[in-house]
Amino acid sequence: MNALPSPGSPGSPGSAGATVDADFVRRWLDTATASVDRESERLTELDSPIGDADHGSNMRRGFIAARGAVEQEPPGTPGGVLVLVGRTLISTVGGASGPLYGTLLRKAGKELGDEEAVGADRLRDALRAGVDGVAQLGGASAGDKTMLDALLPAVDALTGALDAGGSLAEGLAAAASAADEGAVATTPLRARKGRASYLGERSVGHQDPGATSAALLVDALAATARDGAA
Amino acid sequence: MKMLINVAETVVADALRGMAAAHPELTVDVERRVIVRRGAPYEGKVGLVSGGGSGHEPLHGGFVGRGMLDAACPGEVFTSPVPDQMVRAAAAVDSGAGVLFIVKNYTGDVLNFDMAAELAEDEGVQVAKVLVNDDVAVVDSLFTAGRRGTGATLFVEKLAGAAADAGAPLDRVAAVARRVNESSRSFGVALSAVTTPAKGAPTFDLPSGELELGIGIHGEPGRERRAMMTSGEIADVVVDAVVEDLQPDGPVIVLVNGMGATPLLELYGFNAEVHRALTERKVPVARTLVGNYVTSLDMAGCSVSICQVDEELLGLWDAPVSTPALRWGC
Amino acid sequence: MKMLINVAETVVADALRGMAAAHPELTVDVERRVIVRRGAPYEGKVGLVSGGGSGHEPLHGGFVGRGMLDAACPGEVFTSPVPDQMVRAAAAVDSGAGVLFIVKNYTGDVLNFDMAAELAEDEGVQVAKVLVNDDVAVVDSLFTAGRRGTGATLFVEKLAGAAADAGAPLDRVAAVARRVNESSRSFGVALSAVTTPAKGAPTFDLPSGELELGIGIHGEPGRERRAMMTSGEIADVVVDAVVEDLQPDGPVIVLVNGMGATPLLELYGFNAEVHRALTERKVPVARTLVGNYVTSLDMAGCSVSICQVDEELLGLWDAPVSTPALRWGC
Amino acid sequence: MNALPSPGSPGSPGSAGATVDADFVRRWLDTATASVDRESERLTELDSPIGDADHGSNMRRGFIAARGAVEQEPPGTPGGVLVLVGRTLISTVGGASGPLYGTLLRKAGKELGDEEAVGADRLRDALRAGVDGVAQLGGASAGDKTMLDALLPAVDALTGALDAGGSLAEGLAAAASAADEGAVATTPLRARKGRASYLGERSVGHQDPGATSAALLVDALAATARDGAA
């Protein structure tokens, strides 16, 4: 709860005090967009047996649009970038993932207000706010075989790492591992939300596409921190 | 898989251009993806707006016109539209009498229409929503996203549209829509999987000699796979599913709906079996509609929807309708 | 190949039972395979009779009703009907004003309708015949059975039907029908072969990545096989074929017709390209119809038909029509 | 032209004088129906690449109906049976083959009038009249890749065999061989009539379904004579 290294304390680059600014979020967006673009077919493939085969193209369309929007009028704060990305996803994705990811990022951005640069703890607060928003909007809980099964463990891992004195990069690396594991762990679950829930028992044995894309987004966050820290 | 398309990315925009070219009675905003009945808003009339993923044509765009929808918002293929479209549609058709959003019960549609309703109300449009969830193949429990909206969407759009056309106020139109949904049930069967332009290959494998029972309209597999059956046997399964769930105690309208690739010759033959099955179960049929109305791209198969009607609903069904895909009485 | 049928032998009879159940406005003789407009014969009105093999639905049965056909005779799948059916249909719709047989140009249809005309005249019915032969894919020479009748059949049935509805005498209705046929051209493209119930397997192999140009509506292969093209490229080929042959110097009605399994989403997108292609070739489009009207069971693909119209023909097109598959103005 | 063995001369069974009566035609109908039934799928198969895949079911439907009609009210003369078969084909087959085969048999039957039993020469006359009827109705000539390419050689071979003093069975055996050869010889031809003509050059390389069924019918005639003669 009370992170020991105080935010903004002049630690080594890569400490929990490392700053997340608008540029950081923009670099994350670039990495995430590239990753979603690259994995688009796989996401659609995962959305075929238990969904409607559009998750990859949905994510791709949304992130390319978000990147365009941010490039056209780059907001000056990390919160501003996140809100713009969230809004753009809502306006361009559609489906279940559009409002959900849009809410994730909008709520996260709103949490940051107009702070110009934030530390790891505030980023964690923002992610927590975003994930809470997703849970509230979609009504899903852990284990329902949704994107939350990657997002919730990610935020928990980040929190744990920071609480244990880890740096931003370390915390996000832990979050990424947890998200990846969470995504893989959706395979044996029976879906209780979204399209896959229509399949009942037949949804078992397939990895959830939204959990998979959520892990990609968290992975991109970790990569951004790692590259910035290098 | 071959398709009559340019590239997957422009499929929806191309179709909207084609609709605009074919239907001067509609105003098609290709860029912003809104199809509006020419002349809207109609003074004093409640505006009806629906929408959903593309790939179910003629639903919804083909149902825009007198006595049915005032506007439709097509999303990407099998992807619900975005709130911006619905907000724009609501603004385009609101005469001040308010707007009814007809929403098929899918997480994506519900979330996007919810957001749109908030935004439209911010802009001063009075919005009511009705959820269509007629598909008995889905167990409606806490452990699912609830029943899907499928064939009954046509009933809701037609009957609520007729009520709005007759001048009913928003709460009344919404009440009709809800009553129609509550009086309707559907069940679908696939003989083949569907191929979306984005994926370019069938969404699931369906070996020859097998069919899927309880499919939706988005290429999702069904609840159960069975050995291929005759049209008569399929009719028994499908009619049992809807009749046992609805337990109608009066006449019904029946929609024998093709999923897209099943020839009309087969659909009519199937209709004969559906009528037989309904008669055997002592369900009187007041009206019948046979054709491809709520489709799933190139899927072979069919669904049956029934809607129990009283005098009022039957009158609304028979009322004039003039849209690209449904037209009578005017 | 899976089909929504009972057994191949009863496909046509089953479909007729289903039509009877769905359309109380038609009198369907399932046993003798004649579909007659309820109320026929209409006093003083010329009777319009058409027919052909089944598998092209809604053609012809779906076009029986006010302003179009008075009766239709469905044969077995892809097999022209027998003379007995046409004789019976002629007797059922003749009010004394005579009967027009609308015959698609296939050896089987021509021979059977010819025999029927002789027999009906023996029974005192005045019969005129019009041959529909609009398919430019077939070289019309001494070395073929002549051009096939395809999409333009809809134009002939609609426009001659409107003329008859307006009270024109037999020779006049026949003249309109002939003029419409002469003013019409069609060309079709297949993306997949067709599977007939009797054969149960595709009639020809069409590898992925290839399409057939110049197909008919009976699952026959086309004149030429080509590498798959975009919707825009296909539109150029098809529009070139019909425009170069007809050389229209005035507005046309265009029918963008699905062969059965091509989704409406794709058909509308194709329509956009057809309009573009016609506009580039300076052919003005007066009216457009997009949908599955003259089909070939479960074939994926499309055809384009154009009919050059003057004021008179355009008026006949816009005149009220009320049939299961085509309905407007009433 | 002038057949030497005069018709009706009391020759050995199987001579040109052997009688063709109502029973003979009924036995032919049985054999032909069985053969068409057996070969139905093959005929439809042949009608697939250059036609509309219905010739087998057309023939099967027609011959089963014809057999039923003859069984129900068996005509007493060979001409009567042939006319009834022809009429039934016209009323039940449809397509191109219905009126054409219907005409073949109706015209053949009419040629025989109400003769109770006829010899080989009259049967040849009847077949000639039937085949002329087909040519007139359909407007096809030899080499157009139609049923005529089996029927014309069959009648010619029958005529030749009888002219050379052959018996009915011998004449029909020759006719059957000629019909079979004629059917096979349609393969390299380019169709000029019927559906196959739409294909132009692409009709080359496929055996004509109608010529194939015509050969079956002539084969059945030969078999009937042979079995009767045995």
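As written, the chain order gives the labels A, B, C and D, with residue 1 at the start of each chain.
One rule holds for everything that comes next: a contact is a pair of C-beta atoms (placed from the backbone, for glycine too) under 8 Å apart; a residue touches a chain by one contact, two chains touch by 3 or more.
Note that this is a predicted model, so its numbers are computed, not measured.
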item	value
Smallest count of steps, each to a touching chain, taking chain A to chain C	2
Whole-Å gap separating chain B and chain D, where each centre is the average of the chain's CA atoms	56
Separation of mean Cα positions, chain C and chain B [Å, integer]	29
CA centroid of chain A to CA centroid of chain D, Å	78
Separation of mean Cα positions, chain B and chain A [Å, integer]	34
Where chain C touches two or more other chains, by residue	77
For chain D, residues that touch 2 or more chains besides their own	none
Category of the chain touch graph - line, ring, star, complete, other	line
In contact (per the touch rule at the top): chain pairs	A-B, B-C, C-D
Residue ranges of chain C touching chain B (in the complex, touch as defined)	1-7, 10-12, 14-23, 54-55, 57-58, 62, 77, 191-192, 208-209, 211, 228, 230-232, 234, 256, 260-273, 275, 285, 288-290, 292, 295, 297-298, 300-302, 322, 327-328, 330
Complex interface listing, chain D residues touching chain C	44-45, 48-54, 56-58, 61, 90-100, 137-138, 190, 192-195, 197-200, 202
Touching residues on chain B, where the partner in the complex is chain A	8, 53, 75-84, 106-108, 111-112, 114-115, 137-139, 142-145, 148, 196, 198-199, 203-204, 216, 218-221, 223
